[in-house]
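Following: one structure in structure tokens, then a few remarks.
Chain naming follows the written order as A, B and C, and within any one chain the residues start at number 1.
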Amino acid sequence: MEYFIELLFSGLTRGAIYALIALGYTMVYGIIGLINFAHGEIYMIGAFTAFIVSTVLSILGFPLLAIIVLAGLAAAVWSSAYGYTVEKLAYKPLRHAPRLSPLISAIGMSIFLQNYVLLAQTSDFQPFPELIPEFDFMEPFVHIVGSSDMVILVVTTLMMVGLTLLIKFTRIGKAMRATSQDRKMAMLVGINVDRVISATFIVGSALAAVGGLLIASHIGQINFFIGFIAGIKAFTAAVLGGIGSIPGAVLGGVILGLTESFATGYVSSDYEDVFAFSLLVLILIFKPSGLLGKAEIQKV
Amino acid sequence: MNNTILKVSGLSMHFGGIQALKQLDLEVNRGEIVALIGPNGAGKTTFFNCVTGIYNPTEGDVILHTLQGKTSRLNGLKPNKVTEKGMARTFQNIRLFQSMTVLENVMIGRHCRTHSFILGAILRTPGNRQEEQAIIERSHEILEIVGLADEVDNYARNLSYGAQRRLEIARALATDPSLLLLDEPAAGMNPQETQELVQLILRLRDQGYSILLIEHDMKLVMTLSNRIYVMDYGEKIAQGTPEEIQSNPVVIKAYLGEDLDA
Amino acid sequence: MISFEELKRSFLVSLWFVFLTFPILVIKANPIERTIIWRWENMFFVAIGSFVLSILIRVVNTQKTKRLERRSASDSDTTTSEPLIQVILQNPRYLYPLAGAVTVFALVFPYLFDTYQTNIMTTALMYVVLGLGLNIVVGMAGLLDLGFVAFYAVGAYSYALLNAHFGIGFWMALPIGALFAASFGIILGFPVLRLRGDYLAIVTLGFGEIIRLILENWNEFSQGPSGISNIPRPGMFGIELSLEAAILYIYYIMVALVIVTIFVVNRLQDSRLGRAWIALREDEIACQAMGIDKTKTKLTAFALGATWAGMMGVIFAAKTTFINPASFTFLESAIILSIVVLGGMGSILGVIVGALVLILLPEYLRALSDYRMLAFGAILVVMMIFKPQGIISNVRRTYKYQKQKSGDVQ
């Protein structure tokens, strides 16, 4: 039973991170219908920025709390900046191109960013500083759920509540919803669609960056390649929940996290990634609209 | 001998909550030109899509009796099967193969009547070569019928709007259809092009094709059609000869406030 | 020519990139030795580089608009001068001698250069064939297959395993590997080919990764990450060749395969099937409405592409005599995709040139080889934006009919 609960929590933690990244995929897809293949790299860049900033600050002797706040901020700022720039450079010129063109461009961006970080930093795994301390009050439960798990769950929940509020109640959130429903119409009623798209990339990237920071500090190491697998898994989560649907992304993330956790815990850990990929393939084949998404019939 | 070519009965289609077609019945007889008209959004294109297998209708039957005397039920079939059975269509928003030549566009239409495959293509067997030559010849003939013989090697994307519409018809003709479905063939054409189109459609009728067409140009509809069906909000509201339709109060009411292009 | 306003904008762009790349390009922190290296020179490069690039793009763009304006102004000048390459391609008088010269050069290549060069050339030729194979799937049929490398792996492992367990030789393995890969293509293709384009891309990527992960973890079957070694090089009539001779032999096998592939792909492209692929790429719905069986047509493209990948897999195993799952990552698929995209989707000559440039350039310019993958990524983006039809775009052939018609009339 204890093992079960342990797996449950580790699954939830993973799922929360997948959900944070999946939100970026789902929001972008909802608005411009593009699978932003480079989103995993944005998350990786977030993690790397956090790594660089926190290492520098810790060498300079900053207190832990300041390091956490500054590293988190830096990760969010730079990830957003990258997300924004990638959209402007690689996707915006292709907005009226055939559907596969922006996807190919996105794949190119993903490969480019991976190798950019590889060349500018290193190909080795880097030890990530442990930013989240072991809390004393967590002591009695530490054998089933660690402090960092707890922090991840709390922070992601807060982020999601924040995102929901943003989308429901702010001007830009309403513009996002309008644009994703009907871009032409949104343009006609005077919404600046370019601005909405940029905002979507910025918000999605910032969420991914927080995910990157949390998971890197949880696992304790990063390298340039972490974005690839995490990206695909998060995309799986997004599709599972129904791409374009925000609650779907969260649901998909949690289901995927739990599946992985239990499958590796009870079946075999060798095939960890195979479970996720198989799930991806199966959903796309049998229910491409996902759990909460709408099936679309192409208008002719 | 049966004189009906297409018999649609009780055709319905839902999109989520919207009911785009409600229990529609429609018939086309051999050698007839039948028009399907109705205000924007009435469900005319949806009707075509359901009949040609692009959408899967929620309810109803679509029966085709071909010129060759075969009878087949089309509902539930894939679009390519429907075309194989002997019914071809054009699209309201032109869907040509833009980066192919005019001739190749028509050659694509011959696909379902020809058979050469991987090995034939690689080895260029005599049989394959003959077939290929026959495709080219037939496609040329069809392009002559629609008046595009001078454009064979031009890219489809370089054609004028009117010519593109005619190329769509040519491509559909290449599939040897018994029944031709035309979705707003005159849309975007100037008066002279429209006049040529009327001539073309009449010629096709005389060559034995039956034609079902959607059109907003009332003058064209009234001159061409033997019979007219009128739809509004997914329902058939009237049917009859052009004279009957013109004086039908229900039809006039449905069109009130509508912009008659005629 | 460049206004002050434009200079200012380029300057802002440059500033933005300095900010953007600051943490990753400038700071290098080592958490273990607790050292920080500040690489200010990188900041300088980024500033200059992005400024110059931004200006360049602006200039190119204004010229493009000017050219377009000029063209629409003088409508009489519609005969756009075709690029030299297209002129050569379309005229057999130039094309055949050129092709002949290239073939002769390929045949004498090993005598002009040393074994090392020959080996590199063999690799390049393998990518030519892989590119042409993927070109059927992506370029002609418009199916973005991101798991192409899986079929390459199937071919390689077919040979390695069949040889290890049953002693099957290279020449037997070549068709078997191709067949296995084709069967795999059909089995995988069947459920996924009805998916929309972008989902198809992701599913094929997923399949590719699944196959690699299985090869990596199923030790009893594939010997896991350590791979399979001592795969024999191809023998000639049962005689084992020396290393040098074997390299030469594989080189000539590859030359022959390239020629066969070009021949086959060229014929396919101009056939009923090839036209159906291109139509499918252009408009699926119209294509179906014209009576083309979408699934069958896609499946043929998928399986044919896989066949070539499988064949190259066998060659790869025979050439390197050692294979492991690390050779079959997504990046490999991405490289082949870059070749197709750079060369021009659907363009046979383009893909050949693309493969040679992308594989040979990093080999000969060692300084560049570190930046290889960076460049491949950039190529995908830049080509999509500036030249989606590739460096040598595909021109549809015209069909001769009038002549034959006059012949018929006689």
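Following the convention adopted for this analysis, a contact is a pair of C-beta atoms (placed from the backbone, for glycine too) under 8 Å apart; a residue touches a chain by one contact, two chains touch by 3 or more.
For reference, the UniProt names are A = Branched-chain amino acid ABC transporter permease; B = ABC transporter ATP-binding protein.
The model shown is predicted, which means the values in this text are computed figures rather than measured ones.
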Contact graph of the chains (line, ring, star, complete, other): complete
So the chain most remote from chain A by C-alpha centre is B
Distance in whole angstrom between the CA centres of chain A and chain B is 48
When centres are defined as mean Cα positions, the distance from chain A to chain C in whole Å is 30
Cα centre of chain B to Cα centre of chain C, whole Å, reads 40
Check: chain C positions touching at least 2 other chains come out as 285
Multi-chain touching residues of chain A, meaning two or more other chains, are 300
Residues in chain B with touches to at least two other chains are numbered 54, 91
As the complex stands, chain B meets chain A at residues 15-16, 45, 49, 54-55, 91
Listed in rising order, the residues of chain C that touch chain B in the complex are 264, 267-268, 271-276, 278-279, 282-283, 285-294, 300, 304, 396, 398-399, 401, 404-405
Given the complex, residues on chain B that touch chain C span 52, 54, 78-80, 83-84, 88-89, 91, 95-101, 103-104, 107-109, 111-114, 116-118, 120-122, 124, 128, 131-133, 135-137, 140, 152-153, 155, 171-172, 174-175
Chain A contacts chain C in the complex at 34-35, 45, 48-49, 51-53, 55-56, 58-59, 74, 78, 81-82, 85, 89-90, 93-94, 97, 99-105, 107-121, 126-129, 228, 232, 235, 239, 270-271, 273-274, 277-278, 280-281, 284-285, 288, 298, 300
Seen from chain C, its contact residues with chain A in the complex are 16, 19-21, 23-25, 27-32, 34-36, 42, 142, 144, 146, 191-192, 195-199, 201-203, 205-207, 209-210, 213-214, 217, 285, 330-331, 334, 337-338, 341, 370-371, 373-374, 376-382, 384-385, 388
